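Dropping the structures in below, format is structure tokens.
Presented sequentially are two complexes of chain A, the first with chain B as partner and the second with chain C.
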Partner chain A sequence: MNRNFLFPMVSAFLLILGTGVPSMAGEPTEQIKQTTDKILSILADPNLKNPARAEERKQSVRRTIDGRFDWEELARRSLAQYWAQRTPDEKEEFIQLYRELLARTYLNKVQDYSGETVRYEGENIESDYATVKVRILTAKNTEISVDYRVMKRRSNWLVYDISIEGVSLVNNYRSQFNSILQKSTYEELVKKLKEKSLTEKP
Partner chain B sequence: MRINSGSPIWIALWLIAFPSLSAAQAIVQFYPNEVSRVDSQFETGVSEPAFENIEKPSTWVAAATPEPQGPEWKADDAEFETSEVNIPDPFEPLNRISFQFNDKLYFWLLKPVAVGYKAVVSQEYRVCFRNFFENLIAPVRVVNCALQGKFKGAGYETVRFFINTTLGFFGFFDQGKDKFNIDKCDEDFGQTLGFWGMKPVFYLEWPVLGSSSLRDTIGFVGDLALDPRTYIFRPIVSVVRPIEIVNDVSLRIGQYEDLKEAAIDPYVAKRDAYHQYRNNKIME
Partner chain C sequence: MRKFDIELAVGVFLLVGIICLGYLSIRLGKMEVFGSRGYDIQAVFINSGGLKNGSDIVIAGVGVGRVKTITLENYQAQVVMNLPWDVKVQEDAIALIRTKGLIGEKYIEITPGGSDKLIPPGGKIRDTQPPVDLEELISKYIFGKIQ
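What follows is the complex of A and B.
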């Protein structure tokens, strides 16, 4: 019935791309923008556009994104009450699988960048937590609002959730994990994650 | 997704026949917990930017950050909750059947047709058609803005409707937004009910129509009364309606695929995305 909710909840990483001058550039916004510009420069690099170096280009983007995300925090929030029941090894494995799933799904999206423009709309800071508000204008003339939830780790603001049109990535995965864990076991969840993130795509 | 708005009776029948089985019971049993939102203040505080140390080694692992272990998750930790928790889904088995049906409908019918249509009609035209259909249901937005006390929004929508219908050539161009910078006040009756405190009650996945809730289904039927298409000669609607749907799908190819690709359980992912999206719309 309501058509747009599917919209870009998955194009998250694509959204880090784009240009725009932060209007009230606080530290969190500056850092998000810095990552954005870095990815853009990788994508624009003529040397890396050679198909032979496609993998290198992908890895380079991935490294840049990796440095901006707090994967442990993402994993912890997504597993929520089930996180505490896991052993350190299980936690480590889960973080890696979850990260792999997100990276795989989204890295392909980065290649689809087609001139969306980004407006930095401001930020909320509450001690070590902040929200960076962004608005993306697509070629199809629709506007998408995106919130980056970031937290301060030493001098870096790291992303622990992305919310697109009010749909939080972490909440979305949490409800999926919850639903699986209520009906079956943690082992089953890990199996499903592995199927999704480790099998080679056609 | 509105399908045949020429037949509100058909939808009303679905509504009565399908979920009323134990609706009352479900309302009592599955009343969702409310989780308060934290309103954080807006700050523009700027400290010195730290551009160094941004890159982390490629083999970054959690252990590389010698941070103290974060606090374990607590249900009452407001920081974690940005939306109300899961939507009740007492009809999950039935909903999953509809979900499968809609999935096939999309991949076997809607998508192939939309891909062909997309190849023939350029994006500019498709955006214009979408504008036209959106302009047509301006009465729905005006009334629902007003019902929520958003009189400024209702006024803007009225003005936008007149500008788009005249200067925008029957709504094909969104002049109100492009030239006069009048923002849309996108409200429907489901949101109005939510605004006045009604919960979604439970999730519903309708065949053809897609994601909804009991509240939004009531809202959908209510909005039909304000939809000009309800009153237009049926045969015309039956011809134009499929074009509208195909046009709409052609502008969104890939979104559903993306959702499925990223999800561990696509049904739950869609249900939750719908729930969060509607909550956010109501709070706007």
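What follows is the complex of A and C.
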């Protein structure tokens, strides 16, 4: 399951890349587009294409993504009913581990970017929540539909879930964490997450 | 006098029969006459994938409620679900349409969230996931290959 959706996840994670058609988009779309364009410009920067600066490139993509994602909300929603049982320190640790997990799983593929383009297909705002609909056109001419679920924090719209072809990232991790936590302990889950970030090289 | 007794007995018997029949058809047809119990919440799906009125609503594999109505709203499927009062749904819960087996009937699964805020009666599950369309995935795979 996880693997099958890796590719579209990767694509989505890069908030992909490519110039959207300028339109009368609302605030959430505008902000998602800004982040996407910024990442695109980092990836297209010829100075950073040098393999020696790959790490620097990755870090700056990561910083850009950090500014648009609400990691605490993502972690909270993924841990769901187990979130409340954690102490503030554990929560803080978990957010970092979760962020690391996602970054390591998807960000490594940044180098694989091969000219995917993005079309912004509209948005749906309901008070402080919104969905930004995006279509990614891959080099193979396959279309992938991606929905960014965003919520308003002050003047910023931050991503709290991504759904690719209708499959939600949060729900995927929620059911995985759930089944781990039902069989073993929270400590075991943290151990697993730590192991995973050690084995998968950045 | 005797004749009157028999007629009364037949009448009562018939009446009881009709009431039983009525009760049975209401139960079997899963109709609700005296208003539904519990409370309603709604969810909007891009695609309801053949979900029907009366389809099960499941949390952790346990059937908790039923789909009350499905209507088309702005070219999306708006589903009203009826849940018992003791089943609370958090504001960050996710509603998914799933299939029993590979080609079985559709049902709604709710994965509970961790928020303190609960969805009030008449409220809405914001995050939904439509059924995964195997045909669509296969066709995407095929067309992806040809290019």
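We take it that the second predicted complex is superposed on the first by the 183 of 202 C-alpha atoms of A that agree within 3 Å, B and C clash if a C-alpha of one lies under 4 Å from a C-alpha of the other, contacts with A are read in each partner's own complex, and residues count from 1 in each chain.
Here is the rule we go by: a contact is a pair of C-beta atoms (placed from the backbone, for glycine too) under 8 Å apart; a residue touches a chain by one contact, two chains touch by 3 or more.
Please read these numbers as outputs of a predicted model, since none were measured by experiment.
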Since both structures carry chain A, what do chain B and chain C do when superposed there: clash or fit? clash
Touching partner for A:Asn156 - first (chain B), second (chain C), both, neither: first
So, A:Ser168: does it touch chain B (first), chain C (second), both, or neither? both
Which one hits more chain A residues, chain B or chain C? B
After lining up the shared chain so the two structures overlap, which partner does A:Ile180 touch, if you call chain B first and chain C second: first, second, both or neither? first
So, A:Tyr148: does it touch chain B (first), chain C (second), both, or neither? neither
Let me test your reading of the model: by the given contact rule, A:Tyr120 touches which partner, first (chain B), second (chain C), both or neither? neither
Touch test for A:Gln81: chain B only (first), chain C only (second), both, or neither? both
Using the superposition on chain A as set up above, list the residues of chain A that contact both chain B and chain C. 76-77, 79-81, 83-84, 126, 129, 140-141, 163, 165-168, 171, 175, 178
Parts of chain A lying in touch with chain B, wherever the complex brings them together: 1-11, 24-27, 30-31, 34-35, 59, 62-64, 66-68, 71-73, 76-77, 79-81, 83-84, 91-92, 95-96, 101-102, 105-106, 109, 122-126, 129, 131, 139-141, 153-156, 163, 165-168, 171-173, 175-180, 189, 192-193, 196
Can you name the residues of chain B that touch chain A in the complex? 1-2, 40-51, 53-56, 58, 60-63, 65, 67, 70, 72-73, 75, 79-80, 82-83, 86, 123, 127, 174, 188, 190, 206, 209-212, 216-217, 220, 248, 251-252, 255-256, 258-259, 261-265, 268-274, 276-281, 283
For the complex, which residues does chain C have touching chain A? 46-47, 90, 92, 94, 96, 111-116, 126-127, 129-132, 137, 140, 143-144, 147
Hey, which residues of chain A end up touching chain C in the complex? 76-77, 79-84, 126, 129, 138, 140-143, 149, 161, 163, 165-168, 170-171, 174-175, 178
